[in-house]
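Next up: the structures, one after another.
Consider the two complexes below, in which chain A is the common component and chain B and chain C are the respective partners.
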Partner chain A sequence: MILSKKLNPPKEKLQTFSVKKINIPLILTVSLLCWFIFTFLVYPNINLLFETFWVDGAFSTAAFTRLLSSERAMRSLRNSFLLAFSMIVTTNILGVFCVLVTDYFQVKGAKWLRLAYMSPLAYSGIAFVGAFNFIYGSNGILTRLLVGAFPNFEPTWFTGFGGVLFITTFAGTTNHMIFLRNAIKGLDFQTIEAAKSMGATPWNILRKVVLPVLKPNLTAITVLVFLTGLSATSAPMIVGGQDFQTINPLIITFARNINTRDLAAALSLVLGLSTIIVLAISKKIEAGTNYLSVSKVKMVLEKQTIGNPIANIIIHILAYLLFAIYALPVIFILLFSFSDAYSISTGSLSWSRLSLDNYLMLFRQTGAFRPYLISIIYSGLAALIVVAIVLVVTRLLHRYKKRFILMEYLMMIPWFLPATLIAVALMVTYDRPSIFIGNQVLIGTQSLLLIAYVIVLIPFTLRMLKAAFFTVDDALEEASKSMGASNFRTFFKVVLPTIFPAIIAVSALNFNSQIADFDLTLMLFHPFTEPLGPVIMSATGEAAGIEARTMLLVYTVILMVISSIVLWLANGRVQRR
Partner chain B sequence: MKFTTIKKLGLAVAAFGLTTVLGACGNEAEAENTQASQNEITAPEETTANDSRSLVIYSNALNDARSAWLEDIARDAGFELSLLAIGGGDLPNRLITERNNPIADVVFGLNHVAFETLKANDVLSPFTPVWADEIPNGWNDPEGYYHALTQLAITLVYNKAVLDETTAPTDWTDLWEREEFRGQYFINNNLGGATIRMAMASILVRYRDDNGIYGVSEEGWNAMRSFFEHGIVGSQDEFFQSLVDEVTPIVTLWTGGIIQREEEFGVNVGIVTPEIGAPFIIESISIVNGTQNRELAEEFINWFGSAEIQTKWSQEFYQVPANSIARPNAPEAMERLLDGVFPQDIDWEFVTENIDNWMTKIELDIMP
Partner chain C sequence: MIEFKQIEIKYGDFIAMSNLNLTIKEGEFFTLLGPSGCGKTTTLRSLVGFVTPSSGSILINGEVVNQVPVEKRGISMVFQSYALFPTMNVYDNIAYGLRVQKLGKKEINEKVLDIAKRVDLSMAQLQKKVSELSGGQQQRVAIARALVLQPKILVLDEPLSNLDAKLRHQLRQELKNLQRSFGITTIYVTHDQEEALTLSDRIAVFNNGSIEQVGTPKEIYHHSKTEFVCNFIGDINQIDKEGIKQINQCSSHDLDENKPGFIRLEKVLSVGDLEGQIPVPTKVVDAEFFGLFTKYTYRFGKNLVKNIEKDSHVKSFNVGDDVNLYLNPRHILQY
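Moving on to the complex of A and B:
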């Protein structure tokens, strides 16, 4: 059956597409998509490149020359690549280990371990880095303890490449915890049992049975990890110190100032080109490793006991060490958010100094919750819209693979460019009436930020939903159709439910990634609807005082709570299915 | 067989058509929803805007406490203010970006270098407030685009627990010329901030050379290089903490921020009074070109810049008023902010012309 499907239907589909030329809804959908892609993904960026490099009627390479002669820019670029490549190794090792501990091996207290390992999902970006810095930074709690115990201890031990890699590695395992866990759960227990009965060692089973199943997911995640490393911003800014600065903070600095936008654009081009190369390589790897589980009647995986007692102990120790690393920042942030500025600046905790004052102070302010509400609305809408758009695109990709390949590539554009540059491109292009958006001006409207959120979410969503789409068992769809279900019915009754968990998971992640967004928001927000990012910024900025540090913790805690609720809701939805 | 295939095909096409129609509808509904919720967000604001007592004000001189205070006192005077605090580096860029669809009615707090940039970009609209004559000569824009509110100096300050008048530096140049200050001073790594830009300008203008790079001699750039080489470069959230913790007892600060910080951090700060003088900054106010609320904006500027309100503002937040009637009423604690610090002779036109290039050069070639 599978064989016959492979031979026939693609031809049929091609025919429907070319013979029935008057498929108006399809044409409408496609043209709508084309308009969207051109107006928001292609044109603004081309326009920006044109405006920055086309000086006085000639192509100017002045920006590149300046950057090439700047030692700082070149060093930052090198550091970005160093971080990205290092992260591929460290994050994958850590991520795979975490997933094996929580879902493959029999480890005591796996439930709690999982909770801690998943904590980065609840607070991303600057909040996560801030929390780690709060423990390990030169003013951090652990650092103060160590300095107290060993007077010769260097308080800046965490500053530099090591600290940045540490933080980005621990922040980078979220995708493993979601997508790799799902893949592990999809393992066929019978295959493992069979391997065992044939005398395979646990190590060999891991290598020859488990890892190959994880490989497609791991490839996708590796690309994500590499890109996060390349565009790391908050970690190098906060703990990079003088010796380890990367390229994205520099791009942000340059993009914000009108006079240096050409430098930002030039640096972004370099990042963009490297991203394209990485994606191309990953596509090659993916094409070679299309692994399919052969069993159609899958048995639920039973956790594997670790036979070797020494290995068992080592794995338990490592697992709980990681637990501590993940859990400590959360616990301390929570505790200190109830304490006063004195405790925070001295890193000491005492019961007498704990109170609800900070929280009362926040909520006593009129409209203190408004920024949260606005951020929730923006991120929620963006998450919804992006899933709607991407679902249509993935459906098209799934059905007419080759014909929409260009569309797929164009939708990946936001991955090639730093978010700040996308913001600048939108600002530069739509600060005057444009025919592409019905002669409207986007600057100074609330929709600008929403559009930008949708744009930056597209690549991740497309990547993950496409992967989900292609894991839908063709046999299921085939069965549905052969039993007489229409294509439409098959899509809504068979395909959609199958990928529904992925849709929910991606939406929750999208929501959480935008809710406290910083760079993009700061440049594009409308002053009447000020989201969280700028509010946090003004609470910690140059003019803010000592109370700001306390309030930052309160903001972080509330963010964690909101994000956790979203994840919990999403998880509930997925499990009920 | 053939017939059923065709039938199937037809069905498939129809089904797919439906899917896409629904898909498209879904999208459109989504879009409409967005539109609707956008309108919901905008609507109340717009109606209040048309009620004509509501103003949008951008400023780099606001924080939570100041905004709350200003909102209250303005409400009593009949203004409904939407205040937006933006850093001095980002604010001009935002105003220039929004110039075809301005949101702000009034902008205040920027220094005149920034105001000159805004003027050149057609962002400002001229207006002469009733209190213009109460401002010392030469502080207002001669063409009437912006008028002075407060005055401050950018200088070095030090932790008095570590240094005293005899051991503290006497000028920026001491920082890299004298061994004992190596690693003892903090440099903000965000060159977008107004304070650090003015401090850099104060150093660079001393090495003016029209044949040099951006009007500065090689010696000047070397001095700047030494300045960065021997200082501790860090993020702005930690700069004052670094002084309090005695990690770097010397930092660059604007005089308007000194007293508030001393009170908050419980620390005594000494002010460096360079012999050459310190950059004096006039912070001004202006109407944004293209405002829909021009009359109200004028009314607000007349009110906010008046001697009465500026006196209150200075007493509450220790800002030195530019208004010569308000100035003598400033709290006593502020006297030392003015003692000894006198204006450095700076060709501001030269600074305005070059400051962006200077900052870019420092970012690219000098910063570590």
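Moving on to the complex of A and C:
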């Protein structure tokens, strides 16, 4: 119905309602949020620009001139883009293949395949790189086997662009295994049946019916993959060698030295600008590519048989080859984590040398377990704080709709900025007393890393919780209020329990993503409270002693266990609800 | 008593309701009827307090409630989607409002069990999750949750629209019985004219953000004041100006030949033995058998006229038959 303003106006206004009550708790909450957003999301980045382009009271491009004249920096930039573009091809091919064999085609043992393909979820980042390095690195198990078999074999075969691309490609398929799988599961099977009834071949159905529907998801995943490649840190640092260094490791190196911090700032700005451009382009591509099923009665997807026997065999072989690549690091790390130093250094396994000694050492030596405890506390606290902040923001967005739209945009700033840029911005801004934080200095404090963790987790948490909030039927709140409940009671008794599964799931994912964080941690950690990331990093280096290498295995296994338990608990809880 | 006085409701520049004046008596079953987007739900929500009028007053028992928050108005609402809390079981859903009132456990339990019995919910069902109930059972829970608070006013926003036809008929009667036994002033929103006619003491027909007519179901049906009401309530035949001219020629009535006319289906008969009736020559173009009756469509000039023949065994026509229909020009409504 369209109503015009021509409708009869009331003859006289009996009452008008322009007087509004002042809501003090709301004003206080909004003020606190505004302070947080300005102090940690807006000001540091503006200050970074200022510090980079404003030297000795005048506009200056000196940092960029230095950057352009640095061959090492330029090579890193080229390498980062080379890696990012290569990953788009390799990760998408691998990711789509993995999802098709686990969820679209009838492939034997799909459950086991899925378990292996999803293993990077349980030990992402530095631990994943460390695990692959343990197998393929110059001291790796496989490398040593190959060198033993072929004495002329080059032990550094895995070092450089190829090794980095291999690791980042296999680590990058987690997005496919989460988002693309969901999209495939959400396909309306009747569209496939309809195509079949019109004589389409399985290959034609895949190309013309299935993949086009997945295009929006693939576009979004491609952007994520590109950005992951652009800001790769641990893989180039560990297996990149001298010849293949990328931007992020260089930013970390530059940021550590006060004389090259301007270079770190300039490099991180280049990285940030690239990220913003990529996201803007992807937004343009994404617009109008969403397909909504118009099916009245959606049917669950039935797995498709591969009719051609040769194709079937080839697909099975490839699927299990990938299974081996994903599963071997996990299996070897698990086995060797129970082995003694001799087995680890020689790469030989023997039942007689298996024991729990390494694990006992971890729990007996405070120093060994300490990084874990610190990481658990940091990531746990960050997950809690970010959920608390974002819950307040999403509640405001849900309740007052467009009135807080600017707040939402500002909260999304970290989405556009690489973690290293955020770290550099915090470093250059709060390395001196600042009025915004009560004339305190943040550099050199334990809270700086926690703040950074919270900042980088905000965009993901906001997107997820906002989506959860908007799925809550407004009528539930109205029903509660109509039964006499206050806003407070309605929120805590009706709204919060309804979105609780989403809160748990988001918190679990946030916890897992930060527990072995590397980029931010390496730049901002306090020397007295060294978290897991830097410890794993030093244990993967060439110079690492056998004890450090042994502990790396134990760390990785325990990390897998913790991450798996958290994911299982979150998933189980969500399903029960 | 509920009074709406010169209510105007705006959403930005959009006027959803203008100059609404309406009085609902105590204990009445009052229905707000109209097509989608006509403003009936907006009116209901303004009474409950979810929408604040931009001008005008809403009074409950003589007290202006515009500024009274939702939770203090003492109005219980049954939502179209039922709005049952998915995180609570049936018992907790019903007890929710009582807990808000901070009643004792024993009293809450007694009240929940009592209302559950009255709406026909078993003990076992009380312990179930709301998602485990059928549509009809969910609707009973929604009603029980609203009634257990013993509200001054009960409002229902299309509570039967999510149910299948058979269940809708069954629950409609139960709803009416419950309202009678509780004696609560009830305001019911629907776009289903049959529901409105069967349930209500009085009906307000809404169109384009204002009220077209308020009256009892019989007044609304037989004495529709506007063309919209006439068309919206029940099935009706429209006769064009040519047809009206033709009818005027066979009768002493002087219908306005510049306006179309409307006549209810039951006023068009195939037998003409009543005073004032005139014959109208038609040809049968369609026959729909409904079991209890047959609905015929006839061609009369350029018009398609329908009527209902209840006893299809006694009289039946075939498509193509020439039939004389009988109607009384007095029953023709013109606007």
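As a working rule, the second predicted complex is superposed on the first by the 382 of 577 C-alpha atoms of A that agree within 3 Å, B and C clash if a C-alpha of one lies under 4 Å from a C-alpha of the other, contacts with A are read in each partner's own complex, and residues count from 1 in each chain.
Methods note: contacts are C-beta pairs under 8 Å (C-beta built on N, C-alpha and C of every residue); 3 or more make two chains touch, one makes a residue touch a chain.
The structure presented is a predicted model; accordingly, all values stated were derived computationally and were not measured.
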{"item": "Chain B versus chain C as contact partner of A:I437, first or second or both or neither", "value": "neither"}
{"item": "Touched partner set for A:L410, first chain B, second chain C, both or neither", "value": "neither"}
{"item": "Broader residue contact with chain A after superposition on the shared chain, chain B or chain C", "value": "B"}
{"item": "Touching partner for A:S486 - first (chain B), second (chain C), both, neither", "value": "both"}
{"item": "Which of chain B and chain C A:L476 touches, first, second, both or neither", "value": "second"}
{"item": "Which superposed partner A:P527 touches (first chain B, second chain C, both, neither)", "value": "first"}
{"item": "Partner chain in contact with A:I258 - chain B first, chain C second, else both or neither", "value": "first"}
{"item": "Common interface residues of chain A - those touching chain B in one complex and chain C in the other", "value": "12, 15-16, 486, 489"}
{"item": "Residues of chain A that touch chain C when the two form their complex", "value": "1, 3-5, 7-17, 473, 475-476, 478-486, 489, 493-494, 497-498, 500, 577"}
{"item": "Residues on chain B engaged by chain A in the complex (per definition of touch)", "value": "5, 9, 11-21, 23-24, 26-27, 30-31, 33-34, 37-38, 41-42, 45, 56, 58, 61-64, 66, 68, 82, 84-85, 87, 89-90, 93-94, 96-104, 190-193, 195, 233, 235-238, 241, 244-245, 257, 260-261, 264-265, 356-357, 359-360, 363-365, 367-368"}
{"item": "Chain A partner contacts - residues on chain C that touch it in the complex", "value": "5-8, 13-16, 18-19, 35-38, 48-50, 52-57, 64, 66-67, 69-72, 75-77, 79-81, 83-88, 96-97, 100-101, 145, 149, 208-210"}
{"item": "Residues of chain A that touch chain B when the two form their complex", "value": "12, 15-16, 20, 23-26, 28-29, 32, 66-67, 69-73, 139, 237-238, 242, 250, 253-254, 256-260, 263, 345, 365, 374, 377, 381, 384-385, 388-389, 391-392, 395, 399, 427, 431-432, 441, 443-447, 450, 486-489, 491, 522-523, 526-530, 538-549"}
